[in-house]
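For clarity, chains are labelled A, B, C and D in written order, and residue numbers in each chain start from 1.
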Amino acid sequence: MAMSEDPPKGKRLPLYDESALPYEHPLYKTLLSVPGLSVAVAPLDMILQWGMTNALWIFPMATSCCGIELMAAAASRVDLDRMGTIVRATPRQADVMVVAGTITVKMAPRVKRLWDQMPEPKWCIAMGSCAISGDFYRDLYSVIPGIDTVLPVDVYIPGCPPNPEGLMHGLMRLQEKVKLAREGGLPTREENPALLDLTRPSVMRFKDPARDPSVTLAQEEAALHATAQDSSDERPVDGPAVTFAPAEARAPDVDGEFEAILAGEFGVTELPKDAPPIVEAARHVELARRLRAAGYRQLVLVAATHYPEKTGAKAQAERFEVTYGLRTIGARSRVALWRVCLAPGESVDTLVGVYAGADWQEREQFDLLGVTFAGHPDLRRLMLSGDWQGHPLRKDYPADKACAPWR
Amino acid sequence: MSALGHGALYGAVLIAVMLSTVAVGIWFERKFAGRMQSRLGPTIVGPMGLLQPLADVVKLLQKEDIIPAGADRALFNLAPVLATIFSLGVAAVLPLSPHMIAADLDIGVVYMLAVGGLMVVPTFMAGWASNNKFALLGGMRAVAQSISYGVPLVLAVLVPVILSGSLSLAGIVRWQSEHHWFALWPVIPGLPAFALYFMAMLAEANRIPFDIPEAESELVAGVTTEYTGAKFTLFYLAEYVHTLVGSAIGAALFFGGWDGPFAPGLHWMVAKTLALFVVVYWVRWTLLRLRSDQLMELCWKWLTPIGVALVLIAAAWVQFAPQGAL
Amino acid sequence: MGHINDTLRALWTTLRTAFRPTSTVQFPAVVRPRGERYRVSFALPDDENGEMACIGCLTCERICPSQVIKVKPGVKRESPVTGKKRAYTDDFVIDLSACIQCELCVQVCNNDAIVMVREAEQPMFEREDLVLGFARLRKNATDRTRSWGHGTMLQESQEPAKVEKKAPAVKAAPAVAAEPRQPAPRSPSRAAEPPEDGARARAREGARARRGGTDVSATLAFGVVAACALLSAVFVVRAVDLIRAVLWLGITLIATAALYAMLGASFLAGVQLLLYVGGVMTLMVFGVMITRRHEGIAPTATDTVRPVRGAVVAASLFGLVAAAIVNTDGLDDAPARALAPLTLADLGRSILVEHVLAFEALSLLLLAAIIGAVVIARRRDPGPLDEPTEASR
Amino acid sequence: MQSAWLSALAFLVVSTLLGLGVLGAAKALRVRARKDSRIKHLTYECGEQPDGLAWMQFHARYYVVALFFVLFDVEAVFLFPWAVVLRELGAQAFIAAVSFVVVLMLGWFYVLRKEALQWQ
């Protein structure tokens, strides 16, 4: 069987249902209920539809490169104003939300909320591949697979990005769609399982009849409370106060000092060629303090790697290596790097007491990998939203599994 | 015909005329702005896009009505109506021709200043009732700006009052048609006073370059941020009517109103008003908006003393100018 | 002076531009010609023998960064054209909804079997409609203009430069076709208006002036306005919300202005609106906005002492005003005076002749007020000069 | 005189009718959403959860501006009757008003020197 033929055969699906319109005209109902006046509905509807579709004001949801084309569309060469389209900065006065750009999981509740704040009648145009399907970010943990998993999209404009004329064409197609829907003449589409397989996102579209209503509810709930759960806002850190030593005129510049300290005071003699030396977890804060005194005044790196043990008796969930990097500040900057290895369930002592800059760097590792830092004053999520499940940079993170209502 | 009937008839006709002028004005603005930016403006809806404002209104009237949570509902609904009343109400004292004037008040100038000044009430009301930070900030800024520029406005208007010795707009125009237009002679208090009036009028109507209360890049849409559909339409309308009436009053105070050769007075008045109206758009689509502090500095450091100086010069002219020069 | 000069120059520039030809291309009617390298959609063209060139080698499917290509290779069979055995493909699908138009699929194709085209697919109502099926891809090959690149040429251009070989010259995009000028908006033709009959109009004016407002309507209007003033004054006192109290006060002040107007004191009415409604009310609003750290509604205090205190003050004030009214001369012939109201000129004469000393003293009073305002405003450190400080933080 | 004020009143009434008429027309014409949501009525704050109430404390300079407006407007208001009789009364009125204005402008200089209207 051919995967795609035009036109394909299959079950006919109604694309558009009059009763499924999200709004109603109370006036029509009144006119229809009065016997003599029902003839007035058709011409009235014609006038109202004419007005409605000929003054489409845009609310620009421009998050990335497609937004540039959106701006160009309003400029001289294409001039959206020709068809009466102007850009409004508030959703209350807009008719069409143009989603132009990648929508991340963190952004999605905001988009949803802005969409909900637009007054009916309203439409949505997905402009460009990222808005339509998430593009090649669509399997990334932080990007939603198409804006139509969040809102009902009326017109999809292909392109990466589409050119400004594409947007104008999209608006015209929208006018066409509204007109066709009024006349009941929207083309019905044939179901083609192979095609659906190819384009199906990991979450049901908003308009999909099979969509679980609880997903929509969960999204609305999330849109309502998005900020309340976010942890990315800054708040005063009440951790140990750090006092900086007075700046020396010049950092000590003794070659091999780091190695000497390691070997002499910490008993680390094994120096691997292609990786930093490994330091005991119990003594690494002491090492940091010693190095700080020796002139390494800047913490440049807190990174972690996840090594899941797949087989054997020790089939535990995680094993981490945390890598630390220090720098001297001065004309000839030198670097000190070391690793700390953590057994399953173990945590590493925080460096916040020695370097204030360790705060957010350790929070990032906690957020993305789930490494715990003992004694950290404020170990919350830093980049992901507060209700996130799991740690996406772990090797065993289920990339295709739903971990938020948006995915 | 009783006075009430006279006012109502003039009101109905004048308001209908002003609304259609505003509709065509919006179309003209979009075409003109387009041309200035090397684009066409509306072309698709109606012949040359002429029906575009109509489509806008038909659409806006259909939009759902949203009142934000926590808003003061009564004031929220009242503000757009008040804005309409005050912006249209100023037109009552407009002398369209020697015998066409809705209400020939002997203190027309003061009425115009007072009712025009009342526009701060709906502006603040809308900003405060919306329960929205952008709207409130926009409202407070708009009120601060309006009252600040009220001072140069009053001073600029005082100049023709001193020169003609009348507070009635019709009286001022009559004096000009008997003697000379104030924008032309005496040049020194006349022309700068007109410039002062024009700037203060732009600021009162919140037009660029004085539109900081609704600067889109920082305050979304100012006081109208939370307004949808019909109420937004009224604000939109009030803004344009304010500008139109301001232009008409400028024409009456400084350019001799209905005075002019060959054509009937009404034609001259309309032509002068529209000319000033076009200049407003021209300025709007050319200049950038001023910063808040520049706005205030311009008003209090420059325009106010200049206004006072112009008033004194006008008084001196009346006192000391040779009789023939009047 | 520099600013004024710049402003005038800017005005001149925009005016000049307004009368120049525009650069708009009227899109649905005129489609802007695209550059040679412009690429938006795909096509599966024939090879030189008139057969579909694709052999189903899956190279494009593997290279695609967005993984939007699905190819179903067919069996090898003899070509009906050349008679040689070759591979075929049974189906080919490209999902434009996630395509980034990177052209990698074209670049890796050794057979030039997939190319890109310059005309865009139209926007669709459903996401599935953006999937280019086999039939559409084949149709594009004949219906649409091909873009600049094809596989072998792109691969060759990646080779280390050979001396003789010249990269294909890129032709510049053809200039935009001269678009039809919009006809300039014509001003509506001036309709000749019949000149107004001066004598008749004057007669009408005179009649109107003589009639004026009748006594009954004036009394009625007075009742309405006075009721407005009193009721809104009650609401001022009753309002819990300070801002609402101020707005009610505005109505009281407007009603007072109306009363002045009805008494023939036009100027006073105007000044009442200008100064009290426009100015003093704004002052009060600003006062509320800067003084109270209110959580939403700023309720007025509701203890028992204040109403009593207020009542005492109000009563004594009322007594004072009443006494002043009673002691005013000439109230008996009030109707006669109302018929001949004071004009503004009378007021001016009175200020500048009889009360000139008070007039000058007033300027000193205003001066003192200004200085006082400055002193009060500067007494305390204004704090952060940021936009409004938020009370809730 | 009163008749002119009545005309102005009628004019204002007609403008009121227009405002109410537009709102009434919209009430008849506008659509109604089938589903109402709490999010729709949230205050617009660029898609963020509204943080606290909008009513906040403003800087004192707003008050100062209003104060100066009232003072300068009082000055202007006194100049209106003067403007009307200036021609008639001649030099005496001129000198009186000039001294009035000059005294007030002293206040303006003071304001400028103290930078009370600095709006940053």
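FYI, contacts are C-beta pairs under 8 Å (C-beta built on N, C-alpha and C of every residue); 3 or more make two chains touch, one makes a residue touch a chain.
Computed from a prediction, not measured in an experiment: that's the story for all the values here.
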| item | value |
| --- | --- |
| Chain whose Cα centroid lies nearest the overall Cα centroid | C |
| Centre distance in Å when chain B and chain C are each reduced to the mean of their C-alpha atoms | 18 |
| Mean-CA-position distance for chain D and chain B (Å) | 13 |
| Whole-Å separation of chain centres (CA-atom averages), chain A against chain D | 46 |
| Approximate Å spacing (C-alpha centroids) for the pair chain C, chain D | 21 |
| Interface hub residues of chain A, defined as touching at least two other chains | 23, 48, 76-77, 79, 82, 90, 92, 117, 119-121 |
| Chain D: positions in contact with at least two other chains | 1-3, 5-6, 29, 31-33, 38, 40, 42, 44, 46, 51, 53, 55-56, 58, 62, 65-66, 68-69, 73, 80, 83-86, 97, 101, 108, 111, 120 |
| Chain C, residues touching no fewer than two other chains | 22-24, 26, 208, 211-213, 266-267, 269, 271, 274, 278-279, 282, 286, 289, 296, 344, 387-388 |
| Chain contact graph, described as a line, ring, star, complete graph or other shape | complete |
| Touching residues (chain side chain A, partner chain D) in the complex | 21-27, 48, 90-92, 110-114, 116-117, 119-121, 220, 223-228 |
| Sites on chain B touched by chain D in the complex | 2-8, 10-12, 14-15, 19, 60-70, 77, 80-82, 84-85, 88-89, 91-93, 102-106, 109-111, 128, 130-136, 140, 144, 147-148, 150-151, 154-155, 158, 161-162, 165-167, 220, 225-226, 229-231, 233-234, 237, 292-293, 295-297, 300-301, 304-305, 308, 311-312, 315-316, 318-319 |
| List of chain D residues in touch with chain A within their complex | 28-29, 31-35, 37-40, 42, 44, 46-49, 51 |
| Sites on chain A touched by chain B in the complex | 23, 47-48, 50-52, 54-55, 75-77, 79, 81-84, 88-90, 92-93, 95, 117, 119-121 |
| In the complex, chain C residues that touch chain A | 22-28, 31-32, 40-41, 65-68, 70, 72, 90-91, 93, 95-101, 120-131, 133-136 |
